[in-house]
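First chain A sits with chain B, and in the next complex the same chain sits with chain C.
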Partner chain A sequence: MGLPAAVLFGLFYFVPFIANLRYSLTKWDRITEPEFVGVRNFVNLLTNDDLFYKVLGNNLRFTFLVVLFQTLFSLIFALFLVKNTRANIALRTLFFFPTILSSVSVGMIWLFMYDPNFGAVNLFFTRLGLENFALNWLGSEGSALYAIAFTQVWFHTGQMMVIYIAGLQQIPQELYESAEMDGASRWQQFRNVTWPMSIPTTIVVMAYTTIQSFRAFDLIFSMTQGGPNNSTNIFAVLIYQTVFSELRIGYAATQSIFFILVLVLVTVLQRRFLSSRYEK
Partner chain B sequence: MIYKSIRYVSLTIFALLIIIPSAIVVLGSSKTDAEVYNKPLALPESWNLNNFRFLFEVSNVGRSFMNSVIVTGFSVTITLVLASMCAFAISRMITVTGKILFSLFAVGLAIPGQVNLVPIFILFNDLQLTNKLSGIVLINVVTTLPISVFILTAFFRELPKEMYEASEVDGATPFRVYRSIALPLSRPAMGATAIFLFVITWNELLFPLLLITDNDKRTLPLTLLSFRGEFFSNYSMIFTAVLVASIPMVAMYLLMQRSFISGLTAGAVKG
Partner chain C sequence: MKHKNARAFKALIAAVFAISATVVPISQSFAAGESLGKKCTTEGVMTGTKSTSLICTESNGKLTWQRVKLASGNGRPVANLTPPKGEIEFWHYRVELADQRALVKIINDFEAKYPGTKIKQVVRDTTTYNNTARVAILANPKAALFATSRGAIFDQFAKSDMMLDLSNQRYVKQNVVAKGLTAGQYEGKQLGIPYQYLFNNPIVNTDIWAKEKWTTPKNLSGWVAWCKDAKAKGYVPLAWPGATRGQAAQISNSALMNSAASYDDLAKNLADLNSGKIDLTSSWFKGVADIYVKLRNAGCFPDNATGVTEAAAYNLFATGKSPILPIGTFAMGSIVGLNPKLDGKMELMSMILTDGKVVAEGIMNNTYTLSVNKNSSSRDQKIANAFLSYLLTGKVAEIYANETLQHVNVLDVEYKNVNLLNTVSFQAKNTMLAPRFLLLNAAVSDLTQDALIQIVGGKSPDDVLPDFSRQIKQKLQG
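On to the complex of A and B.
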């Protein structure tokens, strides 16, 4: 009974996966016949492609920022809203709300928010007398990646917060009671009870956020398409452009392989790091 | 005291960060472009549906909306049927086959189908599945199978074994056990998975962008994206379109918040 799903998945996931390995050894523009070039694409990519390294840097920076802040904020908000009071439940519903929107909608909304002349972000800073912060957020190389990372965090913090709340509510109440009897401060309670007890949840949140950040294609494509000057270009966008703007199928396939390698490496390292914490 | 004020201030800031952009969009759909730019947060001079009327007249939004409904409906249904059958099989198999099947989908979960964009683009061109809604349905099903199989397997494994064994003794075929016992019991898990699938399928951009060039076959996110070029920075139109694209999900969210939240987090936790 598992056969239909397995066959479909095999045909349209694993077969393309293998085909991708084959394409990566060719030079192909889809107009002429593919030409076998061995590992030339791999050599080119590693030794002679500044854009690839820029994109790798962007992708890692973006993932790091999003994972750090999304995990931090979602944990903080979960702590604030962990009790099931009516007001807290209403706020949870509100904070979760962006998650149900599409990346393109979120992209369009924040395109306006960041508008250098009319956007609410700059309006806010100008009103406060902080004209120095009124930047062309998405238009300048220095700030665009950060502006999108902020949007991504805005987009999914509520979803991760709900996961944290479920985790926090599993922590036995007695632990807090005895900590309180020992006269532990709020910070000490967090340090010695909440944080160690919520590490399994943190592992889930960080793993999911990592994959989510690698899949931020939709958001980035609708906000900046990788610009300005490739400062927001990440792997998925780069691969898309190599296929459609440059018609270099073989090279795009090679980029995809590195995309997979980086994704797997980041996930494995992260899991190692967190589980070593957990076992202590 | 300090804790309380920090809590109050940060909750207020995040609440405003969500309310303000949403208000700008909702109010903007009743405004002219000049109003959006000059007074984004003021109430519109008059509440009206002019933007909606204009949008449906000049653009393909109506068509795209229908396309999205069709694509999402078929994708979610097919994924649910295939994934639940597969998950049931995995949970009932103690043999190696079950483990292999499970780890196949585990790979798909760790490495999302999006990394296959090059070979899928080539393959779908060869199979002439581009510019077809069925092509989009097919790739949606493939990319959402792993997560659905995971959520549902976790659920089926929790069902008490005796439930199945009794009916197997009575000579029921596996398919019968699946249909008359497993499926009815799994309604909550199926519901949660369905919601998760609805949201991600309705909002999906990458594969439609890759496989659709024909205006009449566009799904909503694609049409919305094209507005950036077409209406340039005509934000009253863009906001109206954002609203049209979001209304089904927002309405469902407001009606069944609980199931939505648990559905969308099950996707993350089980994955």
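On to the complex of A and C.
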């Protein structure tokens, strides 16, 4: 029974992984023959590539912001909409709606919204008399990453909310009833019942959001292509540019190995942190 | 005696034929009284765009009738080749509706003329095409005809040894604008034929220009003064899209074109920058950056310039908020789409951004370069060659040009669209093949443009140029 799965895994995951490792030891432009360079790409990446560290920082900041706010908002929305009333179902559909859009469409919509001279966001702030908040959202190194992070949160919060609602609906009603009988307030009920019982869901949501944030290629590519001055560049965009624009396949293979390592590290740390909370 | 008379008669017939073949077409062009070298009054007025056409242009300080340079070829145009029966794929990146309308019509006409011969279009958007087509075509000999864009992409394809040398084809020598062949050459071989003949920068709203009674600035100081005046009158002087690198870079052609003493010097500087021999802190590039600083300080660029997308820049120009779109003739179709009232109200202008020696007055580019696949079968190559020769006949190219609002690199094309007619006279000027594409390393090119965008965004060249030079160095070492 396990053989077909093993063959498929080998063919589509293991073989490409080994091929990637092999390419990472070469200098190859997809035109001439690959040239073996040993660990030069790894050394260069770690010791002579400012962009790599900038992208690493961007990726961690972006992931932190998105995971924090997306998890928080999706939990809050789920708490408000957990009961299956007609209004709640309608609102869930509304919040879920952005998820069904293609990420490039979302990118284009928000590109217009963030336009510094014509966009709805700046118009909103200007109309409210808050001119100081009317920024060059995507054109400034200081705000571009945060603007895209906000878009990513808007895009996927509905999806995570649905996962949370499914998790929250599994919590036995009796726990709330006995908490009420003990005189627990709503906050105490949340702290002592809802939150501990929703940690397994939170682990799923956070792991999924982390991976989603690392893979936010289409959104970033359609909005800024990693600019201005690489301030919104993340690993997925960097690897794409290194392969397709710069034709440095070996170097991109090395970048992708580090991409995987960082992703695994972040996910493991996250999981450990939340699991320890859950066990307590 | 009889023999001598016959010979004289033959010579007379030949002379009459030669005179009628040359003088009659020319005299048709001269019907309104224009003649080569004679005085004229309105600069830019043309008698047409055929090989015999004339244009009123300045020469030695006087306006005189001169040959339309667009019509300069290496001989009299020839008819297209006849294809064998069969089917080939034509790979390219022109997904635009107008291009599709034109190409579908052209292909249908070709297939109707040669039953049994089929041309199947395989079209990808530019980004996808640039990133994937080379590998796909290398593995697909049916892709007998394909397109590349000038610069790094053409270079990558050429290095892959996948393009047939077309140097000896008569239709290449005789149907194509001679000046427009350079962009398709690689190591002395004619590996592609650029189909489009574009003018990159800038487009002017003639109504605003006339209303404000502005004259074309003659140099950098003139542009600086004009920007200040336009800004004071409430305009955004240049609708520059700093958020879209590819289009933001168009103005760099104008900044580069007169930055060195000659085209060869400029080409050498760019080649050295490309290879890492010099960096952005060189005195030459500091001069280029200084042009941006002067334009920025004069208020030439929009507010929040680095956040202005291509769409927003088009909007600024189409709504009359900006009198100049520093992009190219290829944007005119989109502009008319946004504001049909601008149809016929757009022209090109020289953007001379130096106070020193003028090497060139304007920018042109030859791109959408068509090549025959070296790995295709001989029969498929013949079909590709025949279809390419068909595309390169005046009447067919005319369909493409007038439908897509693009000038073409083909002789004897009559432009019917008013915007094309208004801008084609720019050919008579001393134009330079867009120099920014001489940066063949995409990383170097992108970082160079990003550095200039950062300067427009308000940063000092003293900070930006060393920073980006370091980034370029790291890319070249990596």
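We take it that the second predicted complex is superposed on the first by the 270 of 280 C-alpha atoms of A that agree within 3 Å, B and C clash if a C-alpha of one lies under 4 Å from a C-alpha of the other, contacts with A are read in each partner's own complex, and residues count from 1 in each chain.
Everything below uses one rule, namely that a contact is a pair of C-beta atoms (placed from the backbone, for glycine too) under 8 Å apart; a residue touches a chain by one contact, two chains touch by 3 or more.
Note that the structure is a prediction, hence the values are computed from the model and not measured.
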{"item": "Touched partner set for A:51, first chain B, second chain C, both or neither", "value": "second"}
{"item": "First (chain B), second (chain C), both or neither touched by A:118", "value": "both"}
{"item": "Which superposed partner A:104 touches (first chain B, second chain C, both, neither)", "value": "first"}
{"item": "Chain B versus chain C, judged by how many residues of chain A each one touches", "value": "B"}
{"item": "First (chain B), second (chain C), both or neither touched by A:245", "value": "second"}
{"item": "Which superposed partner A:186 touches (first chain B, second chain C, both, neither)", "value": "first"}
{"item": "Touched partner set for A:136, first chain B, second chain C, both or neither", "value": "second"}
{"item": "Set intersection of chain A contacts, chain C complex versus chain B complex", "value": "30, 111-112, 115, 118"}
{"item": "Interfacial residue positions of chain C with respect to chain A in the complex", "value": "130-132, 134-135, 156, 159-160, 242-243, 245, 302-309, 311-312, 315-316, 441-443, 446, 450, 453-454, 457, 470-471, 474-475, 477-478"}
{"item": "Partner chain C, residues of chain A touching it in the complex", "value": "30-32, 41, 44-45, 48-51, 111-112, 114-118, 136-140, 224-225, 227-229, 244-248, 251"}
{"item": "Contact set on chain B toward chain A in their complex", "value": "3, 7, 10-11, 14-15, 17-22, 24-25, 36-38, 40-41, 82-83, 85-90, 93, 101, 104-105, 108, 110-123, 138-139, 141-142, 145-146, 149, 174-175, 178, 199, 202-206, 209-210, 220-221, 224-225, 227-228, 233, 235, 238-239, 241-242, 245-246, 249-250, 253, 257, 260-261, 264-265, 268-269, 271"}
{"item": "In the complex with chain B, residue positions of chain A that touch it", "value": "1-2, 4-6, 8-10, 12-17, 19-20, 23, 30, 73, 76-77, 80-81, 91-105, 108-113, 115, 118, 120, 123, 154, 157, 159-160, 162-163, 166, 186, 204-205, 208, 211, 214-215, 217-218, 221-222, 236, 239-240, 243, 249, 252-253, 256, 259-260, 263-264, 267"}
